[in-house]
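Quick one: the structure is below, questions incoming.
Chain lettering (A, B, C and D) follows the sequence in which the chains are written, and residue indices restart at 1 in each chain.
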Amino acid sequence: MKKEGKEQIWKDYQKEIPDNDFFYVRSCIRQNLFPASEVIFLKILREELGRNVFETPHHTTCGGIGYHSDIVPMETMMTIIARQFSLMTEAGFENYACSCITSFGLYSEVLETWHHFPKVLEKVRKDLKEATGREFKLPKTLSHASDVIYKVRHEIAEKAKYKLINKHTGKPLKVVEHIGCHYSKMFPNKGVGGAEYPYVLTGMVEAWGGEIIDYPERRHCCGFGFRQYLVQANRGYSLANTHKKFESMEPFEPDMIITNCPGCPFFLDRWQYVIAETEGKTYGGKNQGIPVFTYEEVAGMVLGYDPWDLGLQVHQIAVEPLLDKVGIPYNSETKYLGLDGKNLGKPELPKNICSC
Amino acid sequence: MGKISENLNYPKISVVVKNMKSIAIIGSGIAGIEAASRLSKFGHKVYLIEKNSEIGGYVAQWDRLFPSQTEAKTVLNDLIKKLNNRAEVLTNVTVQHCEKKDRQFELVLTDNKHLVVDAILVTTGFDIFRAERKEEYGYGIYENVITSSDLEKMFAENNVVCKNGESPKRLAFVHCVGSRDEKVGNRHCSKVCCATAVKQACEIKELYPSCEVFNLYMDLRMFDRHFEDMYHEAQSKYHVNFIRGRLSEAGENKEHQVIIKTEDTLAGKPLKLTVDLLVLMTGMEPCYLQKTINSKLGLRSDTDGFLSTKNSFTENNLSNADGIFVAGTCTGPKTIPETLADSRAAAGLLNSYLMS
Amino acid sequence: MINFGYQRNESATLDLDTTHSELYKKLLDKEPSAATCISCGTCAATCSAGQFTDFNLRKIMLLCKRGDMQSFKPIINRCMVCGKCQLACPKGVNTRNIVLILNKYLHAGKISK
Amino acid sequence: MQERLVNSFDPFVIPYTFGLIFLLTYLFIALIRVIQALPNDDKFKLLKHIFSLKIFKSMKEIFLECLLHVKIWKKNWTLGYMHTALAFGWFMLIILGHFEVQLFAPHRLNLPWYPIFFRYFMMETETTMQGSFFFFMMDLTLLLVLSGLVLAIIKRFRRKLFGMKRTTKLRWNDQIAVIALWSIFPLRFLAESFYSEISGGSFLTAGMGSIFHWFYNFTENEIYIRPIWWAYSIALAVFFIMLPWSRFTHILTEPLFIIMRNAGIREEHRNSGYGKVEIYSCSRCGICLDPCQLVSVASLRDSAAINYTRHLRLWKSEKAHQAASICLMCNRCTKACPVGVDTAALKLNTKHEVVTFHTDQQYDYLTSKTAESGAEPAIAKTLEPTDVIYFAGCMTHLTPATKLAMTKILETSGERFSFIDEDGSICCGRPVLLAGARKSANELMKKNAELFKQTNAKILVTSCPICYKFFKENYDLDMRVLHHSQYIQELLKEGKIKVDPNGAKIVFHDPCELGRNSGVYDAPREVLKSVGELQSTAYDGAESLCCGHSIATESLPYRKRHMIANDAVEKLTTDHPDVLATACPACKKAFSETNKIAVKDLAEIVAENLKC
């Protein structure tokens, strides 16, 4: 694939990302799946880079899972989002940043709807006012948390202790980037680099020394797809999608996968285990998977945080081989210790694939 | 305006032709008429030989022409007007005998008239496939099965009705009747039937807006300028139903409606349809007299029965015999503009031949 | 191997990279006219068996060309071999022989060279 | 007549004797194997036939066909004479030889070489002249054989004199056998001529002998004389040894074949023994080549009956299958075969070997709703009782004029009828049987029969000769089965319909399945004569051509079919009829596609001229 061609496209999709003063909202599920990611995000921005990020415990879900599962109606969802915006307004912020891709897609959709149908916006204002007495302003900017990290990627690179380079060979790590579908597939101009060749994660990986690989099914969904996973009868379909992606990337021998969505890293990670346990197939060599990371985890890694503080021990696919490649030290003894230093217990490890 | 175009079309050189040459044109369809008017303008003596009592060929039978819906009459009258009685028209005769003497030809016509000409232009045209030969389609057996030329006559007489005099509520066109059909010995595509069928479908809808119209096609060949527009109009304006499937057999019910059997190849299921009127899009075949004419003039036909040309790219107006030129549909199916262009090209070529 | 209560769905893609139309090549070798089919559907329209079953020669030939034998294997012997399709085919394809060859291959497992 | 030598043996008889013993041993084993392969009831039939008076009928047939070759005489006199001269002549040489030994040296009968080399061991004394009659007879027979031989050699180069456009090509095994056969008699002639001065001879041998002596007066001890006996013996030995591996096997198998056939044994199962005998009874005479349209029109020589049997003999089952699956099964070859080899049955067996696609689910959709499409089953509809059922047949639906004509005729006749396959039908099963699938055919037959029985009809009329043959011969129906030509003939005869003659010139083409394969020749002609002027052609009746669209052929390419149809139309229309009539939808389609002449089904012609 021609890099120049992609650069041509990236030029056309440059969104405005503010530099400071963010109103940050968390994802419903990431805290369970990748508990340290959001904490690391705040830590990097606030402590490493001295940015002002506001967070409130009063914010709720955006309603996205319910909305995409046909449970929450659109009006309800819009009112929930209006309430989030009122929290931002009340806190005096206008740069809205969210951790979740589904939320990001939903906010984009709602803002776009209100833009084209002002009457709907009026009704939502009225409904919110009646229900909660709150009022809101529309955010000036809407960023996904990965946009923010993308914005500060060079600052992180300057402070980095490690580079995404294989210390044994000296060559850049081969990284697969996977963007959440709702990041820019619905509104290409809302994502960095557009929908076809999004640049947001590529930019980070390039800045931190890695090399992005292109593979045929790069655009394909990770397989989450809400209904496809939530209903057990449909899970075979979800699995088939993930399988298709891995079959497609396998020949490129990727060292790791970086993602920016709550669902994607989870499914790309856990389905590798399911495929290994049902079909005996692994994609990172014999009994080895391809480790999957969120962008915050990768940022934390290059900044030299303790891998266990990044929550890498809750991954399915063992991360140690990757840490070894980059040369990040880790202590196997402390792997399963909680924040309070107590032993969390060691999980039962599967037979067919090397796990955490 | 008219004068300017006349002058542009016919260069002054025509006036200064000194030794007048003579040409026999066999066939007075549009190709023959157009060539005759060009050649006579160049100052040559033209004999237009016609087997029927009227000139104009098949175009005289048509009502309106695709894709512009121009009346065929108008086109033909224009052509005849341009000819301006400059050619000697010999009707109700065919060539009985032909002998080449030096560079001249001596022709004996069926009325024993002798002509000595310097060159011959063959514009014998085509014949319409006899639909009776596809017995399974029931032409001549079922009263409500007609051909496209029958329908064209009905349009001209403004009397498009079923046998019982009622207007059709449901009507189907069958494409490729006698074309692309190994079983009737016609492997070629007749080129004009697809466009004709779409044209006639629109005309039916124009006439009877509530009539349901179906076009059963194998491949829809909308190859020329504005054809695709016509097709688009048939879909968007007239809601003509297009079914990709070829008729296998037709039957008749008690009400003398036609029951047709086809496969909807896109749905992948056999399809049954009862229509009030079934129109068979009969294709083009070599003129039934072509073989006789070939034997008299020493011409050759290709395996498809249409006349061979010396070279299908650069010498497609030259026959295998020196001094005998060919133009129009006798060398393969053509649309009206193609036929006219071809006969103009032949006339130009003939002129330079005669002047050399 | 663990049973999770669900299985990965088989791909519905006609994957021409991994499937090989061996059967079609054999078919062409034995019945060259198979190559001249234009998928017009006349055979399927006139078919006696097709009125009652999913037997559809046009589709079968297409799937055979695409290397997907499994999907028509169960129905290929539904044909009564009456030859009506052959009489109706505008391209002179030996449809009957095609059915017989595919049958021989898929149901008897042998096909003479 | 006396023995010339004290010794009754000479080394040159060894090759001959060895060859003979080999041949007899081979024959014995082959016979045992054939009989073993016969199903038990066929063995019983054979025994019953041999020990009944009917065996004399077989004997007569063997004499007429194997020796005199009467059927070949009927085809062409020269060809017939050639076959008779060789077969009957040689047979007589053997018989007469044995008579001589029996009469003049009965104590030597146990020596198999004695009758063959009689003139070497025995001599005529001038005083008795006892053997002169036999010597004369032997010379006469030898002359007969030699004349046949001369013709056989001429035939290799000028086959048209024998009424054959094509003849067989010889393979190496046949070539050796033919060379051996061709040398036997000239060598015998030479040997006996040289010895005529010593042993005596008649007009031929003695005459030739004296010519030799006129040139050069040799004695028996001359070095070049005895080797001729050696050569004669070796030629015989080579021929005997090659016989089982050459076309000449038929000399020995044909009598057995005739006996078995007359015993009522038929080829029903592969490897039944009868089939083997049948294959080896093919003399590869090549008479079947010319009638075969695949050979004469489509240039597909490999599929001719003789080549098919050759493939079987050589165990080339794939090639045999190819030949069987391309065959039109028009049976013109069987009709022409002087031996009566019925390759149609053999070919069905060949196809049956390969075709095994029957499964229990194959046709279940005909009686029960299938899960796949959910369409109503074909046979579930109940049929009303009626007198006459009309079954147009699958293909007649593609010639709707025939179907409409039949409906009109049936309506005019006033008979109570029902058109049972108006909305399509189950196939009769013959096409699938012809493709070799017996079980599948049985299933279709069973289902159709059930359907027909519901109507309690007395007559089943069909427009398709393929269906007709099958309904008539393979279905066990409790009703009369008529082809529509027969039914129309009956209606005309009974006055239920009347026609106005229109005087059109009509040529009738006999469909293979109706004519040659079902024996219905007269009904269609009678019907057509009532309407127009029926022209006869060289291809009437059993001589009729195939239209090329036979349902039996599987792999014949369309263009070849079309060539056959074109050729047939040209041959049938030399007298420029107004219309070419036929009585089969496939023939009608085939001929219509040539676009040369108006082609009509006879039902159409009748319907057009019905007097209402």
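As a convention for this text, a contact is a pair of C-beta atoms (placed from the backbone, for glycine too) under 8 Å apart; a residue touches a chain by one contact, two chains touch by 3 or more.
Since the structure is predicted, the reported quantities are computational estimates derived from the model, not experimental observations.
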| item | value |
| --- | --- |
| Topological distance between subunit B and subunit C, in contact steps | 1 |
| Central chain of the complex, centres being mean CA coordinates | C |
| For subunit A paired with subunit C, centre-to-centre distance based on mean C-alpha positions, whole Å | 47 |
| Approximate Å spacing (C-alpha centroids) for the pair subunit B, subunit D | 53 |
| Whole-Å separation of chain centres (CA-atom averages), subunit A against subunit D | 83 |
| Distance from subunit B to subunit A - Cα centre to Cα centre, in angstrom | 67 |
| Contacts with 2+ other chains: residues of subunit D | 397-398, 558, 589 |
| Set of subunit C residues in contact with two or more other chains | 46, 51, 88, 92 |
| In subunit A, residues with contacts to at least two other chains | none |
| Every chain pair meeting the contact rule | A-C, B-C, B-D, C-D |
| Residues on subunit D engaged by subunit C in the complex (per definition of touch) | 317-318, 321-322, 325, 354-359, 361-363, 365-366, 370, 372-373, 375-378, 394-395, 397-398, 424-427, 429, 431-432, 435, 437, 440, 444, 549, 551, 554-559, 561-562, 585-586, 589 |
| Subunit D residues touching subunit B - in the complex, by the definition given at the top | 397-401, 404, 558, 588-589, 592-593, 595 |
| For the subunit C and subunit D complex, residues of the former touching the latter | 30-33, 46, 48-49, 51-54, 74-78, 80-84, 87-88, 92-94, 96-97, 100, 103-104, 106-108, 110, 112-113 |
| Residues of subunit B that touch subunit D when the two form their complex | 133, 135-136, 138, 141-142, 182-185, 248-252 |
| Footprint of subunit B on subunit C - complex, ascending | 38-47, 50-51, 56, 58-59, 88-92 |
